[in-house]
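Each of the next two complexes has chain A plus one more chain, namely chain B in the first and chain C in the second.
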Partner chain A sequence: MQQFTRFFTDEQRVRIHEASLEILENVGLLVRNKKAREIFAKHGCEVDNQTTLVKIPRKIVEECRKSFVPTYTFTAQDPQYDVTLPGDRPVVVTGSSAPNIIDPITGEERRATSADIANIAYLINELPGFDVFSISTLAEDAPKGQFSLSRFYPALKNCKKPVRSNTPSIADLEQVLELGYLIAGSKEAYMERPFINHHYCPVVSPLTMDVESTEAVIYLTEMGLPVYGTIVPNAGMTSPMTMMGTLVLGNAEFLALATLIQLIRPGAPMIYAVLSTVADMRTGNYAPGAVETGILQMAHTEMARFYNVPSGGYIGLTNSHVNDAQSGYETGINTTAALCAGADLFNMGGLLGSLMAFDFAKAVIDNEIALMLKRIKRGMEFSEENMALDLIKQVGPGGSYMDLEHTMANMRTTAVLPKVANRDPRGRWEDMGRPDAHARALKEAKKILTKENPARFPAELDEKIRAHFPGIVAGDARWYE
Partner chain B sequence: MQQFTRFFTDEQRVRIHEASLEILENVGLLVRNKKAREIFAKHGCEVDNQTTLVKIPRKIVEECRKSFVPTYTFTAQDPQYDVTLPGDRPVVVTGSSAPNIIDPITGEERRATSADIANIAYLINELPGFDVFSISTLAEDAPKGQFSLSRFYPALKNCKKPVRSNTPSIADLEQVLELGYLIAGSKEAYMERPFINHHYCPVVSPLTMDVESTEAVIYLTEMGLPVYGTIVPNAGMTSPMTMMGTLVLGNAEFLALATLIQLIRPGAPMIYAVLSTVADMRTGNYAPGAVETGILQMAHTEMARFYNVPSGGYIGLTNSHVNDAQSGYETGINTTAALCAGADLFNMGGLLGSLMAFDFAKAVIDNEIALMLKRIKRGMEFSEENMALDLIKQVGPGGSYMDLEHTMANMRTTAVLPKVANRDPRGRWEDMGRPDAHARALKEAKKILTKENPARFPAELDEKIRAHFPGIVAGDARWYE
Partner chain C sequence: MSIKDIYQAVIDFNNAKVVELVKHELANGTDVSTILNDGLIAAMDEVGRLFSEGELFVPEMLRSAQAMKAGLDELKPLLAQSAAKSAGTIVIGTVKGDLHDIGKNLVAMMMEGAGFDVIDLGVDVDTEKFVKTAKEKNANVICMSALLTTTMPGMEEVIKAVKAQGLDIKTMVGGAPVTQEFANKIGADGYAEDAPGAVEKARELASA
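Up next is the complex of A and B:
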């Protein structure tokens, strides 16, 4: 693409930045984490340890902006799957940490387990549209003391793409890193290719930094390990009921987090990830599938480019509980809008019901949407050769392009050839039993998950891990029934 | 929006234009319509009446370009519904001329009738997302000699928005215009507000102008009535199997048609409407729902802006036979991509199965998508007031925006409040019987169509029309059952 969609003039972007600085300098934010307050204080911010209020002078933010870096890499166990923003955009990721799963046999919602995570990990490894596996669910069967290990182990065991998620405590985080060291062979080897990608929500809108997630961000940043944060203002609840008010608040919150990170380690890579939404005030329902989510993502992406930081994150979620037209257009519209505005990262895959449940068919459908987004990114491929003027002359007015060698040679590269989308005439579709996209996608998931998984740990490594963590979950992928 | 998505540099657009001129000058096109050949010949084109080949020198195209106009108006019976491109973009229109309908009671596909058209017209009149009613189906029950009348009469009788469609012959066209004169009160009154909007496909790719549609375009252009053409290259069948080859061919075909129109009446308004697609060569199936359709629409829109002519047309169609995830994401992705690239016109509504069948639920779902597109167009609404800095200060860190007067005052204008999209928690959705988007949309259609239609003709006018056209269909809207 030569140019992205923009809502703002250059002057307007400067004003949004200035307004965000005013908020940080005059209103400030509550910083519940003591260590974070110490870091802010040490660098000249106004800190009240009683109220936990921190005010950040504009010159500190501006100083930190100088060390922002324009790229962010997700490292994988297998280096061929490493992806870097923005060069590899659109980088497509699964949605993360749903408590539930739609059981693929019964179609009913139930709590997710570590065995589900193993299956999802394998599926994501095999679906070419996905670049990063953000661990889609929690694990209800996690043994005591292994809450996060029961998620990361089945994920890393069955997926060679970058794996991403969060942990609720430093103890859990350290256990997960230990798993990383075992897989890499040593801590040193792991530090060279840190293939566990960390993500937290340290900012609670409006203008509050929490204790635990902020602690994890500080811990990982100090270690030099990859981490980034998502900020989630919700207009009408935790931010103003205007698009601009929510943008400017979310932008200020990004700057606060970015300042903390750059104060700890100047040049630490970051992603501008703000999932701003507008609540449906008729009911108070959370509405991540609403079009306002896409519009706000477009606007945040414009600000990310202003800061020259990769952008994106959660975009393309649906409120729907099934794979119906709503789930299709909510994911389709908001991801396409964000892509056209220049977003780099898309946590869009596999979740239904506002991040509440993973669904195998949704993941396969979202893989196809991901391939469509990547096709838009490739675009028109301008060249004299591709204009094919000689061919147009040769075929002439009224001729046919159907059986040409040129057509055969280009048919697989010009177009996405979908597996889920049906293009048959109605008669043929009726003869097949009228399968909808959900049915076709679920069939595709089963087809993949009833094969042998090529991504598993070698037996020797697996024995070592299992000996190191007694009582660890099995973590093996196997189709249901 | 300050800026649209672009694939091309300025230099590349010039090259695409130049390549199109080369095609028209060196390859030429077959012009089956004698009158069109005469017009081309009269203005200095090289015409072979034997082969019907016409070559258009670049200087003639460039001369005609000077009279291109940047706007196009769809006139309505009720002036409040007039819409002008590009100012009123996105202008959303139904898909046109499907032979079939999905019966809303049985759910089965069957031939459509004039009574169906009456119902659809009324529905489109009531759905705020739609701006123009392009007559969605044919009428199987049309009496002999009233093929087009049986479509336009129920449409105009039940919908006060601009009505648009085509006719298969000049005899039909004249009958439809006569209907227009009766409704307006006189031919003179009609000519002042010509509320029947004509559309044809006079160019058959590659590089051929037909007899009948070209005749209609000439006829209407000479009369000074609104008409535009859609051009439909299909890569792999009627255009090269590259995006660029299809673009350049479609662009040349637009220029050929535009030249003909401007030669007849310099300054005649036009729309750059090219529905380029890429065939699915695994089966040869037509694939208007494919993402390549959206990408090509984006590229054609860039060329339309190069010519300073309104752009768009058929975009957002689906291959799916049901309102499943595929129908949602195909319509959602391609319309959003085209909107972000600056397209003005969207013939997107109500059709399933590659334009083969109208579906009431699809129309209601597409209405909601239309409202989302219009919300994207409205965008962020930058202003100091909307940034709400005082409010952010007043609420402060950790506060709540939930019960504020500001929130209540802005909740209905900030967000689209959908009727189809469900945002309830799963438990509540299950209690309601797990309705999917199709079920909710069909219920909404019935709710509208079981009310009294406010858009009907006055009785006196209707009697006059019925007396003028003996045997004319009833044309009344009434819910099925």
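Up next is the complex of A and C:
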């Protein structure tokens, strides 16, 4: 049994839960989506259609809690890549929906395209630290009416791991699902293994549910397809300027969304996902890289365990615009803290500038951080065999372990063998032209992306898709230059 | 008591005192434009400077802007008859589909602080409402904000509508995913990276 870092006593966790219930029952939340209001009303919530205010009595929340389930599965096109929370924790996911990319040739930030998404998808497919590809960027070259298709098609074509993202409208969502049916062979086959994983942020803090994202969550939940939401309070701006106030508000918002989902389909899997932050009040700037993001993730994770649902969120983001010390320590410290508290899901990879730009080198560095997190999770692996007492007796004082069978048997698995972290002596490093972590990581990305991608669609399927969606983007991975 | 006290009360974000002092100056027959420019607006310029230097935090700036506005409300009935005029009229809101209004609120506050008449349409504003309001209120600038990358296309629709109707109204865009390049592409007249920049840009556009 693994031990997790905790901030709260059992009594304190109950108090946080009670405080959240009090918010939902007495303060309520604005629910802009009509369908959601109808669902809340039908099950006995107090609904004012004029103001859109919904108050959720505690007994309804408590009733819904009974149908919370402890696992959540991300399904992949290739079943070998399916991952389930919390068993496969830490499940590492790319950060998503940035408008920009750092061009790997010029180093300049520019709008991202569908061709970039194809390359990123291929890279994530090949980097072992990543478990889920949440489509990292938008596609500026998307033809009219194919905003989301131009993201999901290159992603699914080049990555066999679970693909995750959102859509801005039901029309886009239906188009993306249609793509899923085509790839699966039929709607029935797709419903067996729904390999498009949906995510939305339907709650706008404080205590407001929006129209479109809420609509998508309802739609998918009714269909029995996988969907979860992230709760995003920002202390000092959209939540109180204390960690506890932000936790309680965010917890109430999670419960509101969870209640809606469970009212629609009891037993629908969920993730208690957050991106709770503290704003930099000197400027009002958004600060997802701040250490408080990690601390809040730890606290939310503790509440998720109280509810017995998988936890996680956007954790390990950075505000830095380059791969420098800041981007490393912000990602490193926050993810480590979250892992030690028991978070299951880490939306952390590849983005710079607080979710604004994808960077290939950052993705490769984050892959390495992901491998380290997974190594921490493995921990010490206590066993009599691993203590190697016989070996210690056999080698004795002053001996060497270097040429032993035991060493050879374990040397490829005991330690993370990094490709970016440099361990050369200074002279050798200088001979290589003093490459920093960014340069080494970019080289690694190029090495992967200049090879042919084995993960593409078969030609016949691709023809079928292209015929079904006239004008669809090419969606092929090809290194720049 | 003097204009200097009004200036200080704005910086101290003491709404009640600003109102009291403004009333007092008006009763003394002080010129409305002097109260506005040397008292209220000058104070907000100083607040902006202190904010840029990191001495004042965002909430302090907001509270000063609110105090300034309280004073401005006292002057408003008289402004129409005086030589003093508003810096311009701004119509502002977040675009269709976007409920994220923190940045927009900050910009609206700072613009009020800079002496603009600000008509805040709130969140999730559609093209028609932006254009209709701007026409009715004879606005100089329409300011649009988006946080979600997926709602940004709404900005282009508004700009297209303004141009299609041949209106003499400038357009400005902002929000985390918005860039100068994007603003150029969709034909916006202005873009700013942050709230103080937005005020400067609005001044430029309104006086053009």
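Quick note on the criterion: the second predicted complex is superposed on the first by the 480 of 481 C-alpha atoms of A that agree within 3 Å, B and C clash if a C-alpha of one lies under 4 Å from a C-alpha of the other, contacts with A are read in each partner's own complex, and residues count from 1 in each chain.
We adopt the following convention: a residue touches a chain if its C-beta (ideal position, glycine included) is under 8 Å from a C-beta of that chain, and two chains touch if they have at least 3 such contacts.
It should be emphasised that the depicted structure is a prediction, and the values quoted were computed from it without experimental measurement.
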Contacts of A:168 with chain B and chain C, given as first, second, both or neither: second
Partner chain(s) touched by A:450 [first = chain B, second = chain C, both, neither]: neither
Which superposed partner A:247 touches (first chain B, second chain C, both, neither): first
Of chain C and chain B, partner touching more chain A residues: B
Partner chain in contact with A:308 - chain B first, chain C second, else both or neither: neither
Partner chain in contact with A:49 - chain B first, chain C second, else both or neither: neither
A:186 touches, of chain B and chain C: first, second, both or neither? neither
First (chain B), second (chain C), both or neither touched by A:382: first
Overlapping contact positions on chain A, where the chain C interface meets the chain B interface: 204, 208, 236-238, 281-284, 286, 354, 356
Residues of chain A defined as touching chain C within the complex: 32, 97-100, 111, 138, 147, 166, 168, 204, 208, 210-212, 234, 236-238, 279, 281-284, 286, 354, 356
Residue ranges of chain B in contact with chain A within the complex: 1-9, 12, 16, 19, 22-23, 26-30, 53, 109, 204, 206-208, 235-245, 247-249, 278, 280-287, 289-292, 294-295, 299, 319-333, 335-337, 340-341, 353-354, 356-357, 365, 369, 372, 375-376, 379-383, 386-389, 391-393, 395-402, 404, 406-411, 414-418, 420-426, 429, 434, 436-438, 441
For the chain C and chain A complex, residues of the former touching the latter: 54, 57-59, 97, 99-100, 102-103, 106, 124, 148-152, 176-177, 179, 181-182, 194-195
